[in-house]
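Data block below; observations after.
Per-chain numbering from 1; labels A, B, C, D, E and F assigned in written order.
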Amino acid sequence: MLLHTAAWPEIEAYLKTSTGIIIPIGSTEQHGPNGLIGTDAICPEVIAREAGEDAGILVGPTFNVGVAQHHLGFPGSMTLRPTTMIAALNDWIDSLARHGFEKIYFLNGHGGNIATIGAAFAESYSNWSFDGEACPYELMQRNWWDLPGVMDVCRSLFPVGEGSHATASEVSVTYYAYPEHVKNVKMSPKIAPNGRFTDADDYRKTFPDGRIGSDPAQATPEKGATIVQAARKAVIQDVTAFFSR
Amino acid sequence: MLLHTAAWPEIEAYLKTSTGIIIPIGSTEQHGPNGLIGTDAICPEVIAREAGEDAGILVGPTFNVGVAQHHLGFPGSMTLRPTTMIAALNDWIDSLARHGFEKIYFLNGHGGNIATIGAAFAESYSNWSFDGEACPYELMQRNWWDLPGVMDVCRSLFPVGEGSHATASEVSVTYYAYPEHVKNVKMSPKIAPNGRFTDADDYRKTFPDGRIGSDPAQATPEKGATIVQAARKAVIQDVTAFFSR
Amino acid sequence: MLLHTAAWPEIEAYLKTSTGIIIPIGSTEQHGPNGLIGTDAICPEVIAREAGEDAGILVGPTFNVGVAQHHLGFPGSMTLRPTTMIAALNDWIDSLARHGFEKIYFLNGHGGNIATIGAAFAESYSNWSFDGEACPYELMQRNWWDLPGVMDVCRSLFPVGEGSHATASEVSVTYYAYPEHVKNVKMSPKIAPNGRFTDADDYRKTFPDGRIGSDPAQATPEKGATIVQAARKAVIQDVTAFFSR
Amino acid sequence: MLLHTAAWPEIEAYLKTSTGIIIPIGSTEQHGPNGLIGTDAICPEVIAREAGEDAGILVGPTFNVGVAQHHLGFPGSMTLRPTTMIAALNDWIDSLARHGFEKIYFLNGHGGNIATIGAAFAESYSNWSFDGEACPYELMQRNWWDLPGVMDVCRSLFPVGEGSHATASEVSVTYYAYPEHVKNVKMSPKIAPNGRFTDADDYRKTFPDGRIGSDPAQATPEKGATIVQAARKAVIQDVTAFFSR
Amino acid sequence: MLLHTAAWPEIEAYLKTSTGIIIPIGSTEQHGPNGLIGTDAICPEVIAREAGEDAGILVGPTFNVGVAQHHLGFPGSMTLRPTTMIAALNDWIDSLARHGFEKIYFLNGHGGNIATIGAAFAESYSNWSFDGEACPYELMQRNWWDLPGVMDVCRSLFPVGEGSHATASEVSVTYYAYPEHVKNVKMSPKIAPNGRFTDADDYRKTFPDGRIGSDPAQATPEKGATIVQAARKAVIQDVTAFFSR
Amino acid sequence: MLLHTAAWPEIEAYLKTSTGIIIPIGSTEQHGPNGLIGTDAICPEVIAREAGEDAGILVGPTFNVGVAQHHLGFPGSMTLRPTTMIAALNDWIDSLARHGFEKIYFLNGHGGNIATIGAAFAESYSNWSFDGEACPYELMQRNWWDLPGVMDVCRSLFPVGEGSHATASEVSVTYYAYPEHVKNVKMSPKIAPNGRFTDADDYRKTFPDGRIGSDPAQATPEKGATIVQAARKAVIQDVTAFFSR
């Protein structure tokens, strides 16, 4: 069930059976010459929605712009400052907690979000810890590629050129979700360089077309389907365990 | 063109032909017993996307949780504090301005957002006004129902019971967008009461099922299509005028 | 009664008879060549004070610097960032609510404040909505020129050249309040241009002497008296209705 | 000259002769049974305005609500949180600096503001110090009672019962400014107790009628006139020295 | 007892005997050519720790970076913005209050901190004053040089050239604490100039080697020992009085 | 060299040879019945200082209170909210960058800090990324236990009962640093339980004496010396590589 397409009495009914929700959380940032700018939001969204449909788990709205300051050198990339994201996440959490949600599971699609999500959770718990009252909810984040078994699938599909940004796997997932947006682009070098980065200027200098270590020309909707299939099962297991602990 | 399904070189190319973008902006909040919680985000999103496709205008990600504190008494409603939303909107604006966007048009779907969007714009301009430099971009918000001609269509479709929250028109637009989520719910009274509200407690007391002045049982996908058709044309005209002034 | 010239036992006594208060709220910004920089604070202040005296309503301190970033291109203009104003208004509201004020009526003199006041109200209510407790107070803003009947008087006094900034009416009100500061200045063109604006640089380019659409050379203390007379009655009615609902 | 009653071309002209301005800054808080709630704003306002008129110095709007959290136990008292006040003062300073004001002199009427004004100044300078650019303006605060010679006058007028809050002197100054608001109230004990305080609850317990160490029943408009006369001269000297250094 | 070298059961036990704690608070900023950058943190730390050991008073961690924006022109100086320091101090206070500490005594080593500490205290009390509940703790700050008798000792040790920044006394205290870091540096002029300052640029122009009015070449560990001896006794008395009031 | 015991000309000289600095960063929180509350600050401090002395690397002040909200259930624990810590770290970074430091290496001693330090770095870089200018500095964090080889030493010293909070290793390091504070405490069970936690209430319920998975009764100063010896070498290598890349 999707929060966005439900009416409030449906949520009221859902809360009598479960107090858990999945929030897809991603980013809006360049993903190389053939990758969709929405990749990091699309991946957790499609996985969460398929899992939610399969298992009757409620899926909330997608948090679609994250911390992507290092991508601002590429047109179309958008970012929140970490402090803004902490404030926004806390408002989302407080809204859900207000209704009695006790398990809020963020399915994350962007490495750059991890630290800030963690800080946002600590900010949220801080209010209860200072007050000395027991916090009535539990927060969890999971990167979709860290779900058990998923990286095994990715590696078997892309033994070479998976990379770490604009990866062959994530581009595949978006092609599966939006086959009409498959982009055929020649990229050179075939496999992008690896390295470190700090701000947007540094990033663009080091990674001229935006990719890191990847050869996303290998991406196909079919491979995306395989990955989503694996992730869907894994997220249901992971969420079920979280909701019931 | 959608920012989310484009790759960065496509945005780079777009910026050579236009520096304008539409950002759908809505809310995630109860819309009565048969209305979708995502109504206020879905309406501007569907209108913007159809207009963007027709006219080759870039449409950015949907800002999907707005200021809806007064709806928190109904399960599933989510809100940002106004100050959080001001911070988030300024990060979105600064990101887009960084790439050379000079005309940012927010197509709004939620009355409760209007004041905060206006405050966010003034916050953004303030930086330039204090510095004494000329701001390189212009910001505009438009409620989709305020587009020329749209309310005429709505009133002719729903001469009685349009209302002001969970309106027959907005529910129709979402039914057009998501016909699989049409909900048949009996509501009593047929036409909801009118009135004022302050916070969530006050709202729920005054409007027990969430609707204000509306009879959304009249909503159908077909009527939604008629409204979207009118709004699509109107938004193209409105945006074109804004981009070229 | 004015809060500023009362002693605390007088406020304690007042609160036993009424829990309502009027707060004049304005701005400190250029009002063209013959308009007072304090116009937007002076107008609601003089109207509120006369109404308060007539009807025994408590009038609080004037919030005298508002959101006027677009006027910073003219010497003497002052502004708050919207987020600062939201914080300050919330402190004012919380202070008054602390004493048991339940109806806080902001009589506004500046169009540029409207959005931010609205956002500040939503920020205030948010605290209660998140907590799920009933907010004990109600907030209202009213522009003095929107009081029933006032614009009719203004239009009949100034059928031509009323304008929308540095209006003939508002300048008249200030001349009524401070006849010793009537300024005889030749302005050219007689009626200022109309248009839109964003930041301070844009505003000054479009409106070189600060006026928008107005011919404030028509302003006189006598006309100001007529306007205040109309507004005073209207505000008493408006406030009385608000306090008693 | 008052900023509020000037038009912008007058400020433009003033800035060619002086880049200094006085900002009266006070508080809105209880001042005992016979003291005006606006005392701390009224005192610096009346002194600054008389001095400004005498010496042709520009006087800006009065910052009328300060840090008075400890007075919230008494009806009518209002406060800003210190962080709010720092933000507001920085917006005021940035606005004035934008126009070329280089010497901003805050004439303060409230002991509770001193620390926060100091912190606000450091906050303002910090921006320049981090950037490594020279700050183009200088900020100064002065309590009106600390002006050379003023306390001598106060002590000679009130050898007994001057006190430290709701002082005989400050009440006199307000009676001089608003003789129609002289309040005849019997207070017991004649001289209020002395002591320390933390928050509002603590303050009210220790100082039941709001006064600290004072016998303000001695206050008269005439004594107020004497004090203002002394302070007016002293502030002109102090400001002149500040503007010219 | 030092908080940092205690285990939590020891603090639990301490709280049964006393609810008071000393927090040394200083700064990390240039102290002239022969003064330690950590001077303002070291001085209150060494005094507090010796006093704590003598009298069995708990001493918390040292707040070691304060408000020192005006020193940023000299390599190694560090600062917090005042608003950052207010936030940090409030988190420290809230943490300690959470455990039942009721008397929190800040022994301060830096003049530039005084205003911001005062503002932080008012920010802390504000929460209680707005809520109308009694604040369970009391906050106090004391500059170590303002402890009764200490300046007498300093003046007798350094009748000439004590100064007001990088003073002979404070440098002596650090030499006493870290005799291995005594620095023999020739300074010219022997006694540094006096004056005012605003931001970092202004400070460095006025005080080229960082000192104000001082001749710290007189500093010795032995004189530092004498000062610490006096301050240690005075702080025990001061703290004891504060804890027991 | 320690920043705190250097004078500014020494830092000026250092900057001509190196633009790198180490900042020890920790926490002030319970570490079980025999662990020092300052453990997480002491460990990186002692390692950094020994490394700094060996290799001539500048070591700055210790950031001694971090994000430890989950420990507030134990007396003596202190925390910053993550947003406060982000603000403070940015002030520290901006101060150091002001002087030309280009490599700022945070040697971290507390797992709970990792996310917030990461968010703070992204916040810092965001300023440059929005502006489009190249950030002149690089930031890095390293947990001391993640330094190459260090965990091997820890595991060989404590094959059983190392644990994850109040570990045998970290307690040993503090005993090495402060042998006078070795605490002999019987703990039961010998090895503490493992598990997850959210806020302070949850933490204390799950881990009644504060330890997670550890048997710190094994800690000795000698074992601490072995660990510090390993970490010291590793940090010099790590820092040297960072400074020279």
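To be clear about the criterion, a residue touches a chain if its C-beta (ideal position, glycine included) is under 8 Å from a C-beta of that chain, and two chains touch if they have at least 3 such contacts.
Please read these numbers as outputs of a predicted model, since none were measured by experiment.
Steps from chain D to chain F, taking the shortest chain of touch contacts, total 1. Chains that touch both chain E and chain F are the following: A, D.
With each centre defined as the average position of its C-alpha atoms, the distance from chain A to chain C rounds to 47 Å.
Taking each chain's centre as the average of its CA atoms, chain A and chain F sit 30 Å apart. Taken residue by residue, chain A touches two or more other chains at 72, 79, 81, 83, 87, 95, 98, 129-130, 132, whereas all remaining positions touch fewer. Arrangement of the chains shown, judged by which pairs touch: an irregular graph that fits none of the line, ring, star or complete shapes. By the definition of touch given earlier, these chain pairs are in contact: A-B, A-C, A-E, A-F, B-C, B-D, B-F, C-D, C-E, D-E, D-F, E-F.
Taken in their complex, chain A has these residues touching chain F: 67, 69-70, 72-73, 79, 81-83, 86-87, 112, 114-120, 122-123, 125-126, 128-130, 132-135, 138-139, 198-202. Within the complex formed with chain E, the residues of chain A that make contact are 129-130, 132. On the side of chain A, the complex with chain C involves touching residues 94-95, 98. Of all the residues in chain B, the ones that touch chain A in their complex are 2-12, 15, 28, 30-38, 41-42, 60-62, 64-65, 72, 74-81, 83-84, 87-88, 91-92, 95-96, 98-100, 174, 178, 181, 183, 185, 210.
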